[in-house]
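Note that the chains are named A, B, C, D, E and F in the order they appear, and that numbering of residues resets to 1 at the start of each chain.
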Amino acid sequence: MHSHPPNHEHIDDQMIKMEVNLDNIPGEWLGYVMDLLFEAGANDVFYTPIYMKKNRPAILLQLLCSLENVPKMKEILFKETTTLGVRYYPLTVHRLERVFTQADTEWGPITVKEGILNGQVVQRSPEYEECKSIAQHHDVPLKKVYEQVWKALDNKK
Amino acid sequence: MHSHPPNHEHIDDQMIKMEVNLDNIPGEWLGYVMDLLFEAGANDVFYTPIYMKKNRPAILLQLLCSLENVPKMKEILFKETTTLGVRYYPLTVHRLERVFTQADTEWGPITVKEGILNGQVVQRSPEYEECKSIAQHHDVPLKKVYEQVWKALDNKK
Amino acid sequence: MHSHPPNHEHIDDQMIKMEVNLDNIPGEWLGYVMDLLFEAGANDVFYTPIYMKKNRPAILLQLLCSLENVPKMKEILFKETTTLGVRYYPLTVHRLERVFTQADTEWGPITVKEGILNGQVVQRSPEYEECKSIAQHHDVPLKKVYEQVWKALDNKK
Amino acid sequence: MHSHPPNHEHIDDQMIKMEVNLDNIPGEWLGYVMDLLFEAGANDVFYTPIYMKKNRPAILLQLLCSLENVPKMKEILFKETTTLGVRYYPLTVHRLERVFTQADTEWGPITVKEGILNGQVVQRSPEYEECKSIAQHHDVPLKKVYEQVWKALDNKK
Amino acid sequence: MHSHPPNHEHIDDQMIKMEVNLDNIPGEWLGYVMDLLFEAGANDVFYTPIYMKKNRPAILLQLLCSLENVPKMKEILFKETTTLGVRYYPLTVHRLERVFTQADTEWGPITVKEGILNGQVVQRSPEYEECKSIAQHHDVPLKKVYEQVWKALDNKK
Amino acid sequence: MHSHPPNHEHIDDQMIKMEVNLDNIPGEWLGYVMDLLFEAGANDVFYTPIYMKKNRPAILLQLLCSLENVPKMKEILFKETTTLGVRYYPLTVHRLERVFTQADTEWGPITVKEGILNGQVVQRSPEYEECKSIAQHHDVPLKKVYEQVWKALDNKK
């Protein structure tokens, strides 16, 4: 299950970033590990290319999770990767208020996630999965779907 | 001067890609080298992070240029970087027809570059420098400027 | 459909590498483009981080395809990405003979792809999707599945 | 305006590192965002290529700023990028004493920034903008300008 | 000398991560700096490619060390790199219990490092230097050596 | 043995670039593979981080070699890495004339490799291994050694 931060604007100071350096694991395993971490409630997981000693191209795995998910994340990292140690530190996250609206396209409505800062809409992000699904079912380029969403949105905001 | 490919759709098989591996040059020089290469007519210049022997983080410089610009590119690379060798090979480029239209925003018109494939508009790209200039002079977020351009464009295309 | 190179060891000099530099496309579209290119028959598609002019972090899209798939690849790149040009050049590929064997694990048999050079087995690669499926259904770490495959394989080869 | 740390050697424990993961913003906007962040007082801004879920090549934006600049940085990040959340954490910076000297070249004097650790000069860095300006106006390779600066410096230090 | 964390499973909250951004140092120096940092007791040192202002490809040097090694790390970073500032922050490391076993191959025994979580073996890592040495002296591919180690290990664990 | 290009300025059109995408090999093996390729006569070997399908962080291995070394390179790549195919294409290399001079430092002479373009010295590169050896034996920062080399060189060139 995913941990769900609240939708109103807030400061969350219960977040943790975990990091692992990986120089002895095949890349094909890491796509799988990413899925497991998300399923276990990671808020985000991402990979950065790094160079380690002895001319080793390697990967820095970083994830963000809430304090209560730390044990689950550690267990996955220790069981599914090849690391002998996991490091982590706390950080603060400032999240915008999230509101969901709709944009009407010739292929039907698409959800748009709005980010609100002090009552002002500063972000508008069409839901990728909905746009992708329309692009596939109507056989149109994904970017055309996004273009229609932008067209449909009210610029006065 | 820049080499200017024609605006109609065409296949250009007189292009060259040049490459240099750089492990003994400070990064701050490379921003300068990029400018010189563009001024001398490179069609594109870009850097890729690579790892070389002896644990050296390094940079792969790649550039695209027309055959007649090869000597100028070589001279800049040899004089301004630290390499003792430059490698290159020919490639083919398929370019779309380019047409310039306008989108009207509340801050004035903005040029939009269209890419045309077999007579069909497949690309529409607002000119970055114009959007940036409007964002700066009217103190609005750059993304709001792009949003208005998308709003103004005719989706029927 | 995927283009299928033959399973015997051979030299293929009908391969093409295509490249596109992308500095004005959101990353979330690129995962979708990769899927489309594979579905249309690309032999491989991969992204490299590059730095372009004006401090733009960007992506170099590279793909490998057979000569007859070039038009399909171009069409996807022009319609689904934001590029105005696609570059490409021919290359040669030396492919090993491929043979499929099985390894028996406590969770059932797993296909292992062998690569053969001059009649000698030089590569043995367990099928990722089968290992992943077993890991999920039996709730065991993926690396444990691979360990059992290695255990089951005949080292005399 | 830039925040100016003092020139004497000191430990600054009022610094903040902010981070944002960006997978739905075009690279060309990010060069502009970097400029805005520096103008607003960021001590440093840099991009790291990362890979996010769903095969998305993405960018990790990191910046360093003083505690009092956090609100300004957040506002720019929320208004100019596409993020719905900004994360940050405190760190400590140990800065060297900075002293400015001059090196005389055939094209005139160039400022050299010295870094002093416990009264000993451990860093000497010619001012890039001055070297670049001389290289341009006298049409000499940038590296020749640096070479003359090194030549002019007193090695006894 | 290396700092040696204990072999039993433990949480270490006395670790420090140090970071330096480097845009004016040749890559060939950085391989040397890495060696010096390890010799002085760094627990890990790694490089990440970053992009800094003015189109500079650059390197983020990160290292992990114990609190008591901070002064030694700073001295090396200030004397051997070109930075005027070093930043750092504390983090926590959860380390597995480490146990060393042996795997018998046709070329002799090879040490395998096991990582133990709550009494369960979750990691098994053949010692790279021993595998490499066997590969070199017996002129066999390194991967064949690893394959035999996996073959020799007891899967029941 | 290394292949030795001649020291006079020349155009070499007998060079080959080989490429392999690697998503199922541990990074620690790749440092070893690099050494083997250099020992077998590769002119250069370098790694680039790439992202492949299924969220796999991976590595692009690239090497440059002369035509006659292609079979040796292929054999190492097939036996030591996990690839089932190696791709390659020809390229041209323009190499500068190489001349070796000496710079006198307080710790003794250091070889400097000069690169000559049309009879003009455009590159001067102190031999890294000699500078490193002096830095180690005299316990001075590597950059101080380079500074003295620059000091000793004749800027009139």
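Definition applied: a contact is a pair of C-beta atoms (placed from the backbone, for glycine too) under 8 Å apart; a residue touches a chain by one contact, two chains touch by 3 or more.
Quick caveat, the model's predicted, so the values are computed rather than measured.
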Inquiry  = Looking at A-F, B-D or C-D, which one is a repeat of the E-F interface (more than half the contact pairs shared)?
reply    = B-D
Query = Given the two chain pairs C-E and B-F, which is bridged by the higher number of C-beta pairs in contact?
reply = B-F
Note = Rounded to a multiple of 5 degrees, the Cα superposition angle from chain B to chain C is 120
Request  = Select the chain at the greatest separation from chain E, using centres from the mean of Cα atoms.
outcome  = B
Inquiry  = Let me spell it out: compute each chain's centre from its C-alpha atoms, then which one is farthest from chain A's centre?
reply    = F
Query = Taking each chain's centre as the mean of its CA atoms, how far is chain D from chain F in angstrom?
reply = 30
Key: chain B and chain E: spacing of chain centres that average the CA atoms, whole Å   = 39
Request  = Would you mind listing the residues of chain E that make contact with two or more other chains?
outcome  = 24, 28, 34, 47-49, 51-55, 57-58, 79, 82, 89, 122, 128, 141
Ask   = Are the chains arranged, by touching, as a line, ring, star, complete graph, or other?
value = complete
Query = Okay, in this complex, where on chain C does chain E touch?
reply = 49, 51, 53-55, 57, 122, 124, 141, 147-148, 150-151, 153, 155
Remark   = Counting only contacts in the complex, chain A reaches chain E at residues 19, 21, 24, 48-54, 58, 60, 74-75, 78-79, 82-89
Request  = Within their complex, state which residues of chain E touch chain F.
outcome  = 28-29, 32-33, 49, 79-80, 82, 128, 132, 135, 141-143
Task = Flag every residue of chain A that touches chain F in the complex, lowest number first.
result = 22-28, 30-31, 34-35, 47, 49, 52, 54-59, 82
Message = Residue numbers of chain D touching chain E in their complex, please.
response = 15, 17, 34, 38, 44-49, 64, 89-96, 98, 113, 115, 117, 122-123, 125, 128
